[in-house]
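First chain written, first letter: the chains are A, B, C and D, and each begins at residue 1.
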């Protein structure tokens, strides 16, 4: 799980162009959207693609994104649960 | 101060140092030139092949250089002449030979004289001058410029003897003025003086 | 009606971000095309906003901000941009993803950022400017078209001022394609470049005014003598003394494209000081925005940097700058600025 | 003689292009402007020659009129346009003075000779066909205060003008001299050379075994000389005319000397003035017309001068023989060769065909040089030589 989280952090930074951030700057429990990292709906779409591309997980309903992308931790949990 | 030797030919008159030497019987340019040729008492078969301009320049030089001493090093003898209409008479002659496309016969013997410096070339051949030589085309004799050139060549140590002058042959007028300079008298050379010599000869010829 | 250039901003391969200096040092070409001398973006744009912006947007915004700050104009009556390629990096990114992922798994960011009007929109968002916002994509006339729109609107009394800019970026991939074209070929070809230049144009003259915009003409594939005739007419109309004029020409090193420049240089502008700028900016669709910036500087500073001088003597008083640029021999533009 | 004759600027128009830069590029690329010309106004039969782009000349010139100090509706002949165009090229790089300290020399053999054609004579009249008149018009275009001078010394006119001008400048007679060399390709000249049977039916081959005559060409070139260092601020490499001389074979009006002594005297005089010996000369830009006798004479002259081991070229296969312009445009090429430190191959040359040994340059390449000797010879037995040297401000 920790390994997955570290991997995920790097992927998020790359996909979302968070160029000034280092993986350790991201608190795994901090909200990704809103106040935390300040991501928006476009970023949500980026992350949906990331899940499908890197982990083969298809998020059919974008509305579910809000729960999945709450934090890096929730993302990792979702991946672990849904990975085939 | 010794006067600079000069020759003037125009209007069927030949002056040497301002003295009338030969008054022509014939007012036609080429015929008068033949009189001058006879007067110089030389035998130079190439003369007859020349165009009128070269003949005029050649004869003026012949008279000017008589009894004059040039440098023994041929490359130290030079000549600068001015001219107004360049080789207009020969140019027209050449043009006539090519005007009619059906009857096209340009002549090399004529064409070679379509350059004004061929006249100086003829003079150089005759007297063995192998030094500086130049022909400038100017609307009228410009003593100031010719003297500028002459002084310049002496100052640059290019020559020991240099002939200057103005030789021109147009349809109904011709004129030759030539003067002799050498290293030793160049300090006396003065544009105003040359101009005066020229104008004096010219007015004498017009009388 | 007079139109004045009251603020300028340029991000280019040269150190042009400060209007205080004027090409005192030259960045020489490294590699196959000119790269941007990047400004410290964070000084102009909040990191959060910066995140999603490609370089061309960043440079565009920075140059627009420099121009606005320079002029003191806060909320322009119109934002007009011109670009030949638009946001090339994002377009490429999106197309590459499309190709790599077989048209699936596409992400939206590069898609939304890849349209030509992204910059115009982003500047407006940043300023909270709800006024007229237009982007012209007109090949070698893109910047000129934006400028023309501004002139028409100001002269038509629709607006009092406008922020006008021209921007383009070059990418590694795009340049590879260009190198296969004759125009940009390695032997005798032009070197591609990029840059973003913005200008605050106003009806009112003020103490920061750089120059007056006198004339703008564009010609597509003109007849042989049309340019000369037009130039002569412009010079006459505005009473230009060619000996007090600097002519900024788009020399790009391509021999067949050189003729027109040479002809004008050797005829109408024989008396003038001839200068170039593509040796500093490279060739691109909106390079005349670089020339426009340089011309404004020349007139305000009354000097011409050595690196721009081609021939002629720099006039002691530079009254006019005439810009003549052509793109691929098709698009010809003439711009006259006055002191 | 304490002043230096600096070469401030140059420009030329030829069959290879407009402007020195364009011409140099073409030369370094090895292009020839000589081509088959089939134009009954020039000669009834097709022949090989080098012609200017008339369209470009007229286009550029029409807007150049703005600069003219003559009345607006004043008309210019083709020859005058050529000369003025080449001067414009110099002017745009470094505005030249036209005051009393400045002499303007036109170097040409035939000037407006085309005006002798019946139809043109009617329009322009006799006086306009005169060389002094053409020079006058050109001088008035620019507003020169001094009277224009025409040097008409056949094919050496250009080189000799440089020689004479440099004496004037060195001695302070004039501070600046603007020299224009120009001649046109006309029916007059083509028919004349045809009658001499001296035109080759191919691109000419100077110094080559199979050379069989020359090609005629047309061009105009302008060189701005001055002793005033103030004009030098744009010149990265400073060049001067370090020496010059002219001479006569005193042998034959249309055939060159069989010994080469005439040409040798001019070279010797130029080297003496420049205080250089044959060792110091790095390269010779020869006259090299590709007629059998001329090239033979030059091989002898260069051997007399001890220059047989220095690379020689002729530019006649690039430009054709441009008569009064030749000395100027070929000197301009030498000037750029010195600046670029590049030597041009002698186009058309394959196998040595001159009696005395010469090293004919066979490749265009980088070459380190300080002094280039430029020579010329012409009808009337005249010869001239100048040395163009790298120098520093006095």
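Definition applied: a residue touches a chain if its C-beta (ideal position, glycine included) is under 8 Å from a C-beta of that chain, and two chains touch if they have at least 3 such contacts.
Predicted model only: the values in this text are computed from it and were never measured.
Asker: Can you name the chain whose C-alpha mean lies closest to the mean of all the C-alpha atoms?
Answerer: D
Asker: Taking each chain's centre as the mean position of its Cα atoms, how many Å separate chain B from chain C?
Answerer: Inter-chain centre distance comes to 66 Å.
Asker: Measuring from the mean C-alpha position of chain A to the mean C-alpha position of chain D, what distance in angstrom results?
Answerer: 78
Asker: Express in whole angstrom the distance between the two chain centres, defined as the mean CA positions of chain A and chain B.
Answerer: That gives a centre separation of 103 Å.
Asker: Compute the distance, rounded to whole Å, between the mean C-alpha positions of chain C and chain D.
Answerer: Inter-chain centre distance comes to 43 Å.
Asker: Give me the residue numbers in chain C that touch at least two other chains, ranges are fine.
Answerer: Correct list: empty.
Asker: Think of each chain as a node with edges to the chains it touches; is that a line, ring, star, complete or other?
Answerer: Topology of the interface graph: linear, an open chain of contacts.
Asker: Write out the stretch or stretches of chain A touching chain C in their complex.
Answerer: My answer: residues 15-20, 38, 42-43, 45-46, 49-50, 52-53.
Asker: Which residues of chain C touch chain A in their complex?
Answerer: Residues of chain C touching chain A: 47-48, 51-52, 101, 105-109, 112.
Asker: Per the contact definition, I'd like the list of chain C residues that touch chain D in the complex.
Answerer: Contacts found on chain C: 224-225, 228, 231-232, 242, 255, 258-259, 262-272, 274, 311-313.
Asker: Looking at the complex, which residues from chain D come into contact with chain C?
Answerer: Its residues touching chain C are 18-19, 22, 25, 56, 59-64, 66-67, 85, 88-89, 91-95.
Asker: Show me the residue ranges of chain B that touch chain D in the complex, using the header's touch definition.
Answerer: For this pair, the touching residues of chain B are 74-75, 84-86, 88, 91-92, 94-95, 97-99, 101, 104, 106-108, 111-112, 114-122, 124-125, 127-139, 142, 145, 148-149, 152-153, 155-156, 158.
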